[in-house]
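The chains carry the letters A, B and C, assigned in the order they are written, with residues numbered from 1 in each.
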């Protein structure tokens, strides 16, 4: 297991209103055994990046450029079926809606068997059954032998997501992509499911790309963070570094939006109103010149309209980069 | 209200199927209304002229007794439309009343009504209709009654389901607390909400009734001679298939077009009034 | 699978209850027919002696509840009465022609499912293509044209004009090829409407299933597209089809009457029709009863099949954290 890196990813969507450059020049990396949290608003392109890696984009989408480096192997993502052979073997994915992830007319066993037959074809019969049972037990599902014979509608949302995690476990991928895995679950279940996902990292040492819009989740579980805005990557670095010293004004604004809970009083008494970032996402067919964020930025200057900001080191940390020409300014 | 209907029509026009349906329905209506008026007397027998192919004088030819097929087909179309509209209207009304009553009353009344619906639906439609007509005798009133009975369960079930889901809505409780008498409750609140989907169901059922009536007439248990029905015309043609196939083809094609047109139109109405699909048209 | 067993028992009870109600309904209908009951049931040909015998056998002198009991017990034991004309057991008459009807219906069912599913899948896998639009138009036409109209056209074109296939009858009983040639046109006529309906249904169902997240999940695990469609998607897409078949069988039974008449096939439908023409009411009554029993049984089988295919139906939801 030696990590995953994405370089220069560009994705276009062909729509009735024209070509939408949904993802522009995204470069990020998830170190071996590390969890990278990819955050951004709805429409920032984070899910699109994930689908592009798996080769599951819609018919009107095209990867115009980009490469995936998985360990020692390099894959050209512009080729339509570049990563098809990796699915279920070196890459796995957990989806957002647990109630829709499993086929209702097939048992849990059928789902797990499908993964096993592709990943470990030599394991058959009783050994296969036992492997499936063990996987269910490992992710914290009670009475795994019984659950194996049940159907998805007999399991709760949290359990179904655990089944999805079990499937990922059985696939033993180098890279696991989790697309908002807990958005549809309530808080207590979310904690349990996140525990299992991080557990995967411990058990099989894969890199995890966790896509989410919740900074809280990233702060608690991720090692690294990458921030996307309107199709571009604006900041990347370790969670500690970025949280302590955000380089990009968007990241700074996002962190300020988080409502802190005062444990002693049960609510934040200091914050009497909610912070927001004023403005809307830019028109996808008519993006602002220069920096994509400048129309909502609180420290924008004239140069921001002329220069597309390159990644700049923040705070002397080579792994922490932000794409802003005024890094550090307030 | 007029604008509501106009926008409905324009929605129907927008889908290709709806367009065809609308055109067919208009053509059929014109045929049914003006056909018998313009053409020759449909009952005029002129045996020497039998089995003629279509000509200027007899647009669809003549049948085995020399009667003009154009006017007979028009008469049959008229009968089909009238009967289907009456049956659908009657069964809608009776079904709605019975269904709402069952939904409101609950308990044994409800169970009895549901059992009644289930029993009627346990019979294949045409078989029951044939049996009832055979036992109770043919005749226009009987035909209407029998076919209406066949469709009451459908409307009744839908009305009942709507009522049950409406019963527990807060606004109903509010009205009841104010003291609105039950009858007014039903008339003012339940019926309007229930009628909407029922009318859509009615428009979908018109071609079904037409087909059943044609089938019954085909076996001689529907519209009686000398009245023409599309079904009996087909039967007459079939009997003399060896002599001339024109009578059969003319009426069969007409029946197919009538059912096709009313089905497409009915589906277009359903799609246009479906709140879930409305978004697509805007 | 105890849950499935419970479900079947439940459905069986409901079916028996409905059957009981239907038989009672038949009894009631006959009672209300205007005129003398014995004349109605025996027809104008009855002699006074026959009438006396009949009245006694029917228990018309007994109380109503006793008559109901007689009716029920006879129906249940298969005693459908005697044909006034030939004095044969009506049950025997029905059983004699039943194979023809069964073959017709069975053939039509197989044809409908095969072509309906196949065409629906083709349309779903290439949505918006010429094939898809063409099939859409064809299916609407198939669905709306009444079966007996289709039957007449088929008869006209293929039998009378082209002489490709025989016109009437069911064919010699010992020659399977002959029987098959007599089955082709009637079975086609009976199945056309269904092919159109199923094609439309499967198309919509499969398109919807293919857009769902679990299909994406399977793709994400590298399952080949062919296997996804054939194994995973199709199985789910077929579920609504079975649910719909129950009503369809009723339609098929009804239409079989017309098809048998048009193609002069001796079957249960034609038997009922001939009996209506000759005012042979005992046969009419027995025939209707037989049809109802068949229909209710078929619906029960369809319900069970549905529960077997879709695990959500029989098994209750058990929530666990």
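The rule is simple: contacts are C-beta pairs under 8 Å (C-beta built on N, C-alpha and C of every residue); 3 or more make two chains touch, one makes a residue touch a chain.
Here the structure is a predicted model, which means the values were calculated and not measured.
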Handout entry: Geometric centre: closest chain by C-alpha means
Key = C
Completion exercise
The chain pair joined by the most C-beta contacts is B-C
Problem - Inter-chain centre distance, subunit A versus subunit B - centres from mean C-alpha coordinates, in Å - result: 56
Problem - Where subunit B and subunit C are represented by their mean Cα positions, the distance between them in whole Å - result: 23
Problem - Mean-CA-position distance for subunit C and subunit A (Å) - result: 53
Problem - Touching residues (chain side subunit A, partner subunit C) in the complex - result: 54, 56, 84-89, 92-93, 95-97, 100-107, 114-115, 118, 142, 151, 153-156, 158-159, 164, 167, 171, 189
Handout entry: Residue ranges of subunit C touching subunit A (in the complex, touch as defined)
Key = 212-223, 232, 235-236, 239, 309-312, 315, 317-321
Exercise for the section: Please give the residue numbers of subunit B that touch subunit C in the complex, ascending. Expected result: 17, 115, 118-120, 122-128, 130-132, 134-137, 207, 211, 214-215, 218-221, 234, 238, 241-242, 245, 248-249, 252, 255-256, 259-260, 263-264
Completion exercise
Listed in rising order, subunit C residues that touch subunit B in their complex are 18-19, 21-22, 24-25, 29-30, 33-34, 40, 140-141, 143-146, 148-149, 152-153, 155-156, 160, 250-251, 253-255, 257-258, 261-262, 272-273, 276-277, 281, 284-285, 288, 291-292, 295-296
